[in-house]
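Let me begin by handing over the structure; questions about it come next.
First chain written, first letter: the chains are A, B and C, and each begins at residue 1.
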Amino acid sequence: MALIEIEKLTKAFGFMPALRGVTLSVERGESVALLGANGSGKSTLLRILSGLSKPTNGLIRVGGWELPREASAVRAQIGMVGHKPLVYENLSARENLRFFGRLYGLDARATEQRAEALLEQVGLSKRANDLVRTYSRGMFQRLSIARALLHQPDILLFDEPHTGLDQNASALLDSLLLDARAEGRTILFATHELERAARVSTRLVILQRGSVAHDGPSAGLDGAAVGALFAQKA
Amino acid sequence: MMPARASFFSAAYAIFRKDGLAEFRSRELIGSMGLFALLAVLIFSFALELNRQARIESVSGVLWVTIVFASILGLNRSMAMERDQGNLDALLLAPISRSAVFAGKLAGNFVFTGVVGLLVALVVTVLFNIPLASGWMLLLLVMGVLGFTTIGTMLAAMTVQTRARETLLPIVMLPIAVPLLLASVRATSYVLNNAAQEIWLPWLAILAVLDIIFLVLGVVLFEFVVEE
Amino acid sequence: MGVLTQAAPGKMKEKIGSTGGRPVLLTVISIIAVVSFVAAMAMSLFYAGTDVTQGHVQRIFYTHVSSFAGAFVVLGAAVIGGGMYLWKRDVKWDTFALAGIEVGFVLSLVNLFTGMVWARPIWNTWWTWDPRLTSAAIMVLTYAAYFMLRAGIENPDTRRRIASVYGMLAFSTVVVTFIIIRIRPDTIHPAVIGASPQNAEGGFELTSSMLATLSFAMVVWSVFVPWALMWWRIRLENVSERVNALRAKALED
């Protein structure tokens, strides 16, 4: 059974449909790039998968648990990086991670070690005890990624994680995405950067006005090929 | 494998601790609420030209109105803190119950407003020479503040999702808080006037009932307020 | 029952583009409401006896009391509508609650206005800071806040959810207004049901013709008038929803 199964998922905001019958199944270990114009439903899909938003209709199973009925069990396996950093400005990076460790019911000592390793990995070790409000946009995003990885989730959802990042941070993010893939995590990320999508993902899904317009492997495609595909489908 | 889960109390406590730590760092809430409360008490005493007799009558009103206005200030700020960096989403993404989020936020708001309430009571005691320091007054303060922050935490979570945000909280909160305000002010003036216990104990009971009703409503309805 | 089936949103999607005829029952109820309203007015003006102490002014009391009763009923119905919406997530329940609150708001204004007109000769003032009057005014403001809350939320689902919660909380002010003359001894407002407070000013004994008029007015104001008004309001809301749906559809194509 696939790790994520979505069947005929629809979501409407009032009468405005955001998703109209999305069917998608993602196997464990896949890295799926979600492409599509603004308003094509990428963010909505990710928010529904994370349990933040409720579907209007359709069936979703994540790791065997059904959404939205068993949302609490689903949330425990998901790490999400959204448009906003989702961290507290008046706490230091370390305190932020400690807090989220408690929310996810992690053991205090395990959180401490894991936080240390993650801060090292995202390059925030030196600033770990500074208040987050003194951070730059890129550092916010790094911390946000560390927060999403803290509880070792099976599934990572990234909503346009590259937006607003400088070269260094973007490159770091790419390597983190590849690392996470190597660790066997399943990744869905929404992005506007076609070249990057081709490089980091194993599969491309293009959404067009709330439906799947293209679904296929990204192996063998380069940025230009994805661009052509995108121009045709999105 | 079933992943580890935080219990209701450890999740609520974690949120409370986080708010406490952030407040300890910035002193944003208690600072602004406390300063506002001080100013309000001074302005009231100017505007009402409180003399000794008038004081006894109006001091409980001044006390509670100041606390309610200050609590609105703090509640708005506390919720804005969750909104600014999208943190409410972060709380909702965690595998914890929504009522734990409510309990955690409420605990923080209650403690901060309670501290400010104590400060106001102290200032009133000194400035108006009216002794507010008694066990019953403390109990009244705790129960009143609990009621206001319960209803306020819930309503602030609602208004934070609107366009008008900060401006809407007092508008939706003040009318709903009237029964609480009524009971708190009545009980306080009776206690200050050294009235017989059987006169003001019913007001304390009303206050307790209202607190319980609002707490139950908050725990039950908060889930509907924050979901999407 | 007819009120609710009118608002069925499940059918709305199929019905986009058609307007749907007016149900016979609605016509009947509307006629009953208008006729019985006129009859209640006539009864209070010509049938009910003139009060010995207050004179003709007392006649406004039938409208004053009944309009509050009506507000109590429809605002209470809105609580049920809100709860049902949160449970079933069916738009018709929110529409029902909204209609209830709008009608209840108007009825409370009628109640306040008639009260002021009565108070001018009896209490010698349009307005006084009596606990009952204050809490009635606060109640009206609470529902005004309800409308502001609704208007401030863009996403229709969020709006309905939050409005449902607030509509339920707001009813507490109605309950307070109802019971306050019983728990605040310092009010001068007379009680209609049960003993009036000691210092009530303007109370009177009900004669049998007065009681009959009051009973009839109560039924008119708390059953027929709100029933008809809410039904029309629900239909209006459905039409405006349909317009929104068509607009969304037109934008899409």
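FYI, contacts are C-beta pairs under 8 Å (C-beta built on N, C-alpha and C of every residue); 3 or more make two chains touch, one makes a residue touch a chain.
On a predicted model such as this, the values are computed, not experimentally measured, just so you know.
Enquirer: Touch graph of the chains shown: is it line, ring, star, complete or other?
Expert: complete
Enquirer: Which chain has its Cα centroid closest to the overall Cα centroid?
Expert: Answer by centroid distance: B.
Enquirer: Mind naming the chain pair that shares the most C-beta pairs in contact?
Expert: A-B
Enquirer: Rounded to a whole Å, what is the gap between the Cα centroids of chain B and chain C?
Expert: Their C-alpha centroids are separated by 32 Å.
Enquirer: Taking each chain's centre as its mean C-alpha position, how far apart are chain A and chain B in Å?
Expert: Here the centre of chain B sits 37 Å away from the centre of chain A.
Enquirer: Calculate how many whole Å lie between the centre of chain A and the centre of chain C, each centre taken as the average of the chain's C-alpha atoms.
Expert: Measuring from centre to centre gives 49 Å for this pair.
Enquirer: Where in chain B do residues touch at least two different other chains?
Expert: Residue numbers touching two or more other chains: 227-228.
Enquirer: So which stretches of chain C touch two or more other chains?
Expert: 157
Enquirer: Along chain C, where are the residues that touch chain B in the complex?
Expert: 86, 135, 138-139, 141-142, 145-146, 148-149, 152-154, 157-158, 161-162, 164-166, 168-170, 172-173, 176, 183
Enquirer: Taking the touch rule as given, give the residues of chain B at its contact with chain C in the complex, in rising order.
Expert: By the definition above, chain B touches chain C via 151, 154-155, 158-159, 161-164, 168, 171-172, 175-176, 178-179, 182, 206, 217, 221, 224-225, 227-228.
Enquirer: Using the touch rule from the top, collect the residues of chain B that touch chain A in their complex.
Expert: 2-7, 10-11, 13-15, 17-18, 21-23, 25-26, 28, 81, 84-87, 89-97, 227-228
Enquirer: Tell me, which parts of chain C touch chain A in their complex?
Expert: 155-157, 241, 244-245, 248-249, 252
Enquirer: State the interface residues of chain A toward chain B in the complex, per the touch definition above.
Expert: Residues 47, 50-54, 72-73, 75-78, 80, 82-91, 95, 99-100, 102-107, 131, 140, 147, 151.
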